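Look for chain A in each of the two complexes below; its partner is chain B in the first and chain C in the second.
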Partner chain A sequence: MTGSAATRGAARSHSGDLLVATAAVAAIGAWLWAFLATDSVGVLAGLLAFAAAAFVFGRRAAPRYRRALAARPRMATSLGVLTVCVVAVALHDQPYPLLMLCTVLLFVVACIGLDIQTGHCGLVNFAGAAFFGTGAYTAAILAAHGVPDPAVIFAGGVVAAAAGSLLILPVLRTRGYYAALVTIAFGILFSTFLEVNDSLGGPQGLKLHGIDFFGWRFNRDVNLGWTTASFYVNYVVLSLALAAGAFVFARRIERSWLGLAFDAVRLDEIAAATFGIGVGRAKIIAFTLGNFLCGVAGSVYAMMQGFIAPNNFTFGESLILVSILILGGIGNPLGILPAALIIIVVPQKLQFIQEYRFLLYGVLVVLILLFRPEGLLPRRIRDYFPGSGA
Partner chain B sequence: MDAGVLAQYVFNGVMLGVIYAMVAVGFTLFFGVLDVIQFAHGDVVMAGAFVGLATYVALHVLGVAAPAVVVFAVACAAGLGMALVGAVIARWLILPLRAAPAFNTLLVTLMLGSILRELVRLFYPNGSNPQPFPRLLPSASVNLGHFTLRLDTTILIIAGLVMIVAVNLVVRRTRLGLAIRAVAQDSETARVMGIDFERVVLVTFAIGSALAGFAGVVYGLYYNEVNFDIGLLLGVIGFSAAVVGGLGSIYGAILGGFLFAALQTVGSVALPVSSAYNNVFAFAVVIVLMTWKPTGLIAERASERV
Partner chain C sequence: MTAAADTMDGPAREAAAAPLLACAGLTMRFGGLVALDALDLHVAQGEILGLIGPNGSGKTTFFNVLTGLYRASGGRIAFAGRDITGLAPQAVYRAGIARTFQRSRLCLPLTVFDNVMIGNHLRLSHGACFNVFRRGALRRQYDEAVGAARSLAATFNAQLAARLFDAAGTLDMIDRRRVEICRALVNTPRLLLLDEPSAGMTRGETRELMDDILQVRAARPALTIVIIEHEMNVIERMTQRCVVLNYGSKIAEGPFRAVAADRGVQEAYLGQAVA
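Here is the complex of A and B:
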């Protein structure tokens, strides 16, 4: 009797938790809308201060509601997607905030790729922007030759993964500092090569047309029935689909045997090999998957921007991608979204710090590593039963 | 090929090799005492060049014109300034992260390099454009057929070699050097023997960074131009040179520096593409060499300490 009453009580509090968690997600959506829509420095500072306060004071209560969502992963993902959709509709007549939202979502895709490499498998990659750029340049070349755009996006990922396979041998044979050196050298080589190579547009870069999905022209304004929305809504839909897909994919990988193998390789290669895990195979899979995601994000980014140049893909940009990972909490795809928002949107909003952004990111990352190395949302130890609260 | 032309290439290659070796020695010293790679080391070289340049401008404004005095002051300012920077880096960034994963040290130093680059780009007057570096050395030259023996380059080569030898002597022959080598070999035992670990680390970083500061001045005097982003290439090549020679060995670092200079010189002569691809080639060489010999030509005795 008492047992079943307790179970019922637990079930009721569980659905209560879920309701609170849903309300929290809605509040985050409202915050996101205000954050993207505002032009005033005061409002922006207020929003960031509010978020920081909510982060600090909500830390005690958050795990309970997080578990309520984690027990229903599908619902949680749909809730997130729905929230971003509502934000996009609310912003439908403001092209610039929509463009920023798309950029953030595409950087999320690329960073999830890097997260699989660095956060899960322990492979350092300081050439993220180079693989992003490989996707972008592939898109520019293929689209100019009349290849259908869905194929172009996919090819962007494939070519980036293929470019990455050039580095597989060096990355497998080296580790730690040496592997970092190899990717740094590749990252600088890539942008230097583009600068001096005239057949790819040289320093002036290349122009692209907008995406065309079998007649669905992305660069045309959308009729929503009661009003006309900026054409960037199309790109929001596509990049949101990619980001959600990448997120679910990363989560599935993490929970699979492959994810377990990645973790083992990161924590101790020799022990992992002793237990029969193919260290080389795990590294190759993680590296290729990560570069594929970077390339896909890069190809969509290129077509959305309509113009790409070598200085979009320099070593400094690779460091920005890594900064997002570190700020968000390495290994946790959920942390990437707030980190990308802060790192990409804040300098766009505050034009006076735009020039100083590389400097500020550098200082930010150094401070994080010295004082909170686990980032905003640290990765949790995996739950054996999702949502069990272990 | 004409002997004179060949001699010219060798001469220029040696100059390049001296600069690379000066950078590589720093990497190898730091790795020796702390087992860390200071990825901002190349940017310390760049910062040294700019400190030297700023000193020159200040002296010019003050009306000091005697070339010998100016050269001496520029070199001292760069060396001492970077020694201080190196000690600060070790004290506030690298030592606090000793217990953290190596990845964090790697990131901190990478970001520090980015900070140094940006500081110069943003706050040095007109820093985002290449800055002319004054010709402070006597520019006499001797023509031997196709070979021009320039006095200033010769002075730079000799000065660079003297500094490398001096650092080597400090490490090999002095009590301080003994302490550095003791810490490099086994920091625990060194501590038991009464060696102040932290001070040795700071001094080592100061020495290596001072050498980098001099390298920056040598670079500026040789190319007569410095830019805020030269540190990236110098850092990557300096590190690769140190790795190729075997991290932790000073002779290896010098060897690696000259090897890289030789490869780059041969590449610029032998490759059928324009000289714009010089740096692309250098980075490709780095990747290929690292793949071929991941722990250097002179292999480490133990590749991993468990």
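Here is the complex of A and C:
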């Protein structure tokens, strides 16, 4: 009811609101720094409790400040990027937290890809890790043959999208659960194929060199002037650029006629077809774009890790990607970041929980579906050009 | 688009002109069930035809076959002089046939504007590169589309036009129906199929909606309408001619009063009189 009035009001929001919103983003940045840097279980629990409390108590006040930022999408994106950069600089001498930050950002890229498929077009993809892995193995093979690294990363995405086209026929012919089953089968086939195929390293996996962007060696420590930073800062810069790019891309897709076609296909395929929307075309575009993003993320991940093996890309890893989507809020790329932080970083921090991490995911997904079925940050009504007052 | 209607000046010439829609021997079988049994049916350009019959007599099946959701087991469909038998739903829509559904098939989480734009999809640029990279051009198309959707919604109801950016799920039943009809009209079809527009509405709401439809029709005299209804006063008020279906066959045809007086029709609805 207040939706339209609210969108209109966004353009006229006070600069005071914007200031508060900026301060809130800075506070989130500080929280992120503490969250990544801490080794203590007590501090971690305190931070999570604080975040939960802020989430619950800030819910009433938040929409006003959120709108102030939403009305300036470019500024909001830059602010987010800047915040992560500051966090990376603050963590410059701690390689492990930086590695986690990169991993989270790359998983964000992959999950944004899945979100275009699942959240927008309704194609549930349980083979995310397979497409991520396709990118990773493509990178391993091409980089070993001396292909320049920017091309390797791009090729990782292209090959993943091409691998997806193998699946497109069965996915187009099935719906709902059946399409999901097709992707599960593909994911399992993929990791089994890697295990038994010796030319791809078999169960031992493959080694990769670090990224080299025309002389910019990613695996060399960075001289910041006053101090030396861990080489992972390079990877943070690249992953952050990819995550920001994927975010803007997904947002633009959503806020467009193409995004509308995706929604129409997800919500009612029959009605969509009756009104002239090419259902197959929409699914092919969404599936290809999503797999491309998974592949790109996978290729960077592989070069950052320096080593990949089949057990990095199992069905279990696909489930992690899907849990991130559900936790974050299906259809909202913004929710993916906090969800990825919780799903990926918390088990890393709590080493004793490692064995039980799937249990943790299971409990988390059940809790989310019970108490917040639309995820931490549910998708909002489409506003094609926010802040323009149209 | 209006040319054909403009040249007509009376029922006599209307009947003489080639029909806009002509079905011959249209048959739809689901396994052993014959839902449409060699149906011959024609609709003249500019006509409002009522399609009535007891539950399960094949009315909605007829719409589904016509719009390409079902593939006919036999027979031909000609629309505007073109054979459209077996075309995909998208191609049927492109040819100029739009419909509403008996059970509203709006996308409830989407806004009214989005729902109307689903019907306008053919006129919008939906290439991936255009939508992602040419935001300025998209913006111009968007502004134009908002204007079009607003004036279309205003044709029905000024309040509906004001709620263009509310989720369709927040509207009441009659406004949802209006949105559905807007979605079907936005691409300026030549033939509009209304599947029981009064379903789920009170008598007053039904009257209001029929007023709206007639008003829209007055603004677009060339628009041909086929309407499925169970409310006989709606049929009486809206239509010039009725076709009665029973078990997938046409059992009567003509003006409502004549059809209503038909003994076969009464039997189909009420059952055969005992002795």
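Keep this in mind: the second predicted complex is superposed on the first by the 371 of 390 C-alpha atoms of A that agree within 3 Å, B and C clash if a C-alpha of one lies under 4 Å from a C-alpha of the other, contacts with A are read in each partner's own complex, and residues count from 1 in each chain.
The rule is simple: a contact is a pair of C-beta atoms (placed from the backbone, for glycine too) under 8 Å apart; a residue touches a chain by one contact, two chains touch by 3 or more.
Keep in mind the model is a prediction, meaning the values are calculated, not measured.
A.B. asks: State whether A:277 touches chain B only (first), chain C only (second), both chains, or neither.
C.D. replies: The answer is second: A:277 touches chain C but not chain B.
A.B. asks: Examine A:124 and indicate which partner it touches, taking first as chain B and second as chain C; both and neither are also allowed.
C.D. replies: first
A.B. asks: Looking at the overlay, what does A:309 touch: chain B (first), chain C (second), both, or neither?
C.D. replies: Neither partner.
A.B. asks: I'd like to know which partner A:196 touches here: chain B for first, chain C for second, both or neither.
C.D. replies: In the superposed model, A:196 contacts chain B only, not chain C.
A.B. asks: With both complexes superposed on chain A, which partner does A:253 reach: first (chain B), second (chain C), both or neither?
C.D. replies: A:253: touches chain C, not chain B.
A.B. asks: Does chain B (first) or chain C (second) touch A:112, or do both, or does neither?
C.D. replies: neither
A.B. asks: Jot down the residues of chain A that show up as touching in both complexes, chain B in one and chain C in the other.
C.D. replies: 270.
A.B. asks: Which stretch or stretches of chain C touch chain A in the complex?
C.D. replies: 67-69, 88-90, 93-94, 98-99, 101, 105-111, 114, 117-119, 121-122, 124-128, 131-132, 135, 138-139, 141-143, 146, 162-167, 170, 183, 187
A.B. asks: Touching chain B in the complex: which residues of chain A?
C.D. replies: 118, 124, 126, 167, 169-170, 173-174, 176-178, 180-182, 184-186, 188-189, 192-193, 196, 270, 315-316, 319, 322-323, 326, 355-356, 358-359, 361-363, 365-366, 369-370, 373
A.B. asks: Show me the residue ranges of chain B that touch chain A in the complex, using the header's touch definition.
C.D. replies: Touching chain A from chain B are residues 37, 39, 93, 96-97, 100, 102-104, 106-108, 110-112, 114-115, 117-119, 122, 232-233, 236, 239-240, 243, 274, 276-277, 279-280, 283-284, 286-287, 290-291, 294-295, 306.
A.B. asks: Under the stated contact criterion, what part of chain A meets chain C in this complex?
C.D. replies: My answer: residues 1, 3-4, 7, 249, 252-253, 256-261, 263-264, 267-268, 270-278, 285, 289, 381-385, 388, 390.
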